[in-house]
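Here it is, the structure in full.
We just call them A, B, C and D in the order they show up, numbering each chain from 1.
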Amino acid sequence: MLKVAIIGGSGYTGGELLRLLEQHPHVKIAAVTSERSKGKPISTLFPNLKSCRLKFESFKIRNIIKKADLFFLCLPHKTSQEAVAGLYKAGKKVIDLSADYRLKNASVYRKWYDIQHKYPALLKNAVYGLPELYRERIKCASIIANPGCYPTGAILGLAPIIKSAFIDSNSIIVDSKSGVSGAGRNPALPFMFSEVSGSVKAYAITIHRHTPEIEQELSIVSKKKIKINFTPHLIPMDRGILSTIYVKLNRKVNSTDINRIYKKFYANEPFVRVLTDNEYPNTKAVVGTNSCDIAMFVDKRKNSLIIVTVIDNLLKGASGQAVQNMNIMYEFDETTALKTASTYP
Amino acid sequence: MLKVAIIGGSGYTGGELLRLLEQHPHVKIAAVTSERSKGKPISTLFPNLKSCRLKFESFKIRNIIKKADLFFLCLPHKTSQEAVAGLYKAGKKVIDLSADYRLKNASVYRKWYDIQHKYPALLKNAVYGLPELYRERIKCASIIANPGCYPTGAILGLAPIIKSAFIDSNSIIVDSKSGVSGAGRNPALPFMFSEVSGSVKAYAITIHRHTPEIEQELSIVSKKKIKINFTPHLIPMDRGILSTIYVKLNRKVNSTDINRIYKKFYANEPFVRVLTDNEYPNTKAVVGTNSCDIAMFVDKRKNSLIIVTVIDNLLKGASGQAVQNMNIMYEFDETTALKTASTYP
Amino acid sequence: MLKVAIIGGSGYTGGELLRLLEQHPHVKIAAVTSERSKGKPISTLFPNLKSCRLKFESFKIRNIIKKADLFFLCLPHKTSQEAVAGLYKAGKKVIDLSADYRLKNASVYRKWYDIQHKYPALLKNAVYGLPELYRERIKCASIIANPGCYPTGAILGLAPIIKSAFIDSNSIIVDSKSGVSGAGRNPALPFMFSEVSGSVKAYAITIHRHTPEIEQELSIVSKKKIKINFTPHLIPMDRGILSTIYVKLNRKVNSTDINRIYKKFYANEPFVRVLTDNEYPNTKAVVGTNSCDIAMFVDKRKNSLIIVTVIDNLLKGASGQAVQNMNIMYEFDETTALKTASTYP
Amino acid sequence: MLKVAIIGGSGYTGGELLRLLEQHPHVKIAAVTSERSKGKPISTLFPNLKSCRLKFESFKIRNIIKKADLFFLCLPHKTSQEAVAGLYKAGKKVIDLSADYRLKNASVYRKWYDIQHKYPALLKNAVYGLPELYRERIKCASIIANPGCYPTGAILGLAPIIKSAFIDSNSIIVDSKSGVSGAGRNPALPFMFSEVSGSVKAYAITIHRHTPEIEQELSIVSKKKIKINFTPHLIPMDRGILSTIYVKLNRKVNSTDINRIYKKFYANEPFVRVLTDNEYPNTKAVVGTNSCDIAMFVDKRKNSLIIVTVIDNLLKGASGQAVQNMNIMYEFDETTALKTASTYP
């Protein structure tokens, strides 16, 4: 049994890790920490985990280090920097759900996160935990920088064609729509029910921190410097991200050709489903699962391509992907604890 | 492998049966019928079941009878009467999710459903499929009358104390709040998003057909003729039923005593969770599961008891309970395919 | 022009007062206070009031007292005690939206609110601001104790028959369902979108502070000591309260008789609509208005009466009623600024 | 008093017209028609209009033509063609909320709507009813082609800069998010509460019929042939459309410059509010009103412009704009019956 610990486990990503790992046949949750809730039973914060017998404890690195071999970190960025470094030095494996080790370039990190990275040398050791792109490297990684929710949907939507000669890689626009759980679990006025319900708004236009993360990965795959427009929106629903991606085409292609490229690219992927060209992705079909559904549409009048992806922001966009990464690292079947179909409706 | 068929499988209860049975290790779904959608792949109606390879077929009893041993019926009442009788005569086992075989008394059925029962003699063969009350009889039943959604929450909330001398069994009021999926999947104006969203209403006051079903079961358990007030409400949410039950107390008792009675009554039940007295049941904690959470509160000022139960109307209130009944009938572990914790949020 | 001030105006009731009073032809809003938001334009907190040119200021009684003649107080209970007393002594008129002057009996207040009332002698000067019961006294009141949201719906539902010999006034149960705005605007985990969405729960069972308020008013009208069961529920919607009220009947009456009593009782009321017996009240029909819709149903099988009322908790349940009270006090047409029909859907 | 009739008044746009026109001091509603609901009181279909004494009648042009001078048509496209022509020939004024007279080019109409226009000669008589562009022509129009909901938000967002040399008019992408009431009031599975709730999806990608309408108006304003990408999305909310519009910039400009252009363009418009550059439009701020809020953001990294507009799809996007057009045609104050601020939350 693999012993794991969840650091900062009282938020939504922590809750989903608990739920998934409790069902995992090869894993034992050795510790869950939360400074604010230390001493409380897990079930007081997660009414869906009534049978869970664990309690939150305080995160003291010296105590906790002996308890587990793999650490899931659900800490805010900046705090996570330190914790990852400490655990790494102690020879532990880490899956970091924060943004702290995702950007390879410390100066890009500094620009977008407004702080200096204290362990820039460690950045190159971290593997960006998107299995569809980095499965081999994940297998032997010590530090997994688990991707952001928006980047997961955007990168999976673009990876199959970003290298292609028939798109204009300079024209990419990602317009994303997210459920409210993406904002985390800390009480704040803009995410109160009565403020959000029955309403939609855009936010962080031109300045969202997931922008450089998407650009980094698209640049790596395409071997070109790519910049994008990215606009996130807040939707009155708990979970789910739908990303509508616009790309200019350099030449005439049809939907069937594009579809074939995607089908091939994701042929062996357990969690990516390429829809045939008349089906519209719907977050309701993926919420509660680790799947990403993708559909693509050619606009012949404009000679452009519209790609739509949907994921569950807390699963494929966070904790599900973290468990998928763990499964890969420890050579468990990659779908272990991640097979459930979602309920409908 | 047990071969099962789902008759009338294009609605929400059919979809949940499909989802649950696909994960069941001892079951093979041999056929799914739908008159309206015959020929269509399952996945066109259930976007969450993309990997399901089945297609809807038409329900012809002669053809289908050879395909399966157990039949789940998700037909409208009245239509179900006939189908149950036909399958029963052919020696098949049936779990009927309609109301047609729930009421033991054909004249009560006639009064509330406005039609004559054509197979009154069969009523006594049908076992009311509430495992917490009838587990032994379910084991050898041929026809299971799977309980209604409201009755499940109401009866589980009252069963432990209905026989007790310290309540006034004549004073019971059940005030229930249900998600919209309880109304089924047929398009109708009152259940359109824009009509329901942001709104609550009561309906079928004094005339809801689940009333005699609740009364029948409470009367059987208590060995007294019991009548209740029952008022259902429509809540702007997909799933879940919360029932608030009011009962007068004949003598002074406190919450701890009541709690003890419930804990004892449900001590060995895998799907009933008796909350300790300060926790309020929340549908969000049970949606996606087969669990029923129950809490009880004594109002000392009024010498009355308030019991609150929550279930998922499509699972413990319909398809989950149907699978639980199947597990009992075929001596599978009772929780097979029903163990998942729900997502949160 | 009547000069008014709103004290504690940054919450939802403050926002609704601002919206209503800005449209009022005989009123000038002279000041709006908020300690937390002082200096900020109103529109930064209320995106619907973009054209409003006012700014929040700090509440200093000496400064503000000269600015206005009538003061709307949207302060938390306890804080309001002091403010009401200060304004009253300065000869000002006050409409207090807090609970501080609603309970006539200081020891009942102490029991339910856990604090001592510092101005018990003032309680008898305060008029309970429910126009349907106290219109004449409101006309010359100096202090209006504006009713709570749940009490408004409950009392209006019971007032016409509470004196009647054919009901058992000892049997009253009020089961209420409220939108989330009733919890106020302070950020707190239980009212975050992702916690509330898609879910229903009961809360404060047997201990909600609106209980003695309902009991006081029913006792006054009926001239009997009345105690009730009251259970509030949280519904995933912004606004609206639906109350389902259960009463035992002492003799046989039918719905038509009951309906006639209600029609007569509310014959001249501009904001109470008695529905005919087959229409179910729906919060969507009253949200955005100052109306209360009432319907009544006799359950012949149980010889009991079910009354359903719906209001907008922020309008008839708070700010709308406050403006109605002001209209009465200053002899404006009672419906001024309150006539709008709600949007649908 | 102007006598008006509403033809096809049982849907959501009909309901909003009824609500607005009932409050209008210079208008008398002479007739409301609905084939499906003829004979029924208005209030049975619109619970918010309980005090309305009108009944639906059947639409017989000979009878109805004498009753009113101005006709609001809320008919499906194709049906509306005929009705407009008939009323026009009878010398009546018409505000047509369908799409039938919006496209000036009958062959474009045929291509997108799959039917032949039977009165192509009438198209040139119809004025596109967007007051911000066509106020003068609206004053003396006989037929108003009331704009579509998506086009209203898109065109208002682009009109001030579409002629400008610093944008690439070939690069326009409109990504719109709409509430469910935009789909109308006819019961259909995709718009049932349980299908839509908690979910977002794109639809009609590359093929939505509002595309040529947006293109036509942008082409007229800019005097260039303009084609756009347009993608609509369905959001789990009743009302509101948010459009996120992407345009490439040909030269460096900053947000302040852009803001100044918009402020100037809309300086005298009663229903367009240009937000200052750090405020994000929110549908909640305009729902229930006839306002359009607009904000613009320059993405310096990509040298592109992002414009965000929000409207209420049933008001500025349909019935509110229709009443605004009527006010202009009959020289009433343009804001009559349209001044209300929305409730919040």
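In this section, a residue touches a chain if its C-beta (ideal position, glycine included) is under 8 Å from a C-beta of that chain, and two chains touch if they have at least 3 such contacts.
Because the structure is a prediction, the values reported are computed rather than measured.
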| item | value |
| --- | --- |
| Lowest number of touching-chain links that must be crossed from chain B to chain C | 1 |
| Furthest chain, CA centroid comparison against chain A | C |
| Whole-Å separation of chain centres (CA-atom averages), chain A against chain B | 37 |
| Chain A-chain C separation of Cα centroids, rounded to whole Å | 46 |
| Sequence positions of chain B contacting 2 or more other chains | 12, 179, 181, 194-195, 197-198, 236-239, 282, 284, 287, 345 |
| Contact set on chain D toward chain B in their complex | 12, 179-181, 185, 187-189, 191-198, 236-239 |
| Interface residues, chain B side, partner chain A - complex | 12, 15-16, 19, 22-23, 46-51, 181, 197-198, 238-239, 273, 282, 284-285, 287-289, 293, 314, 339-345 |
| Residues of chain C defined as touching chain B within the complex | 173, 175, 177, 179, 194-195, 197-203, 205-206, 227-229, 231, 233, 235-240, 242, 244, 246, 280-284, 287, 297-302, 304, 306, 308, 310, 345 |
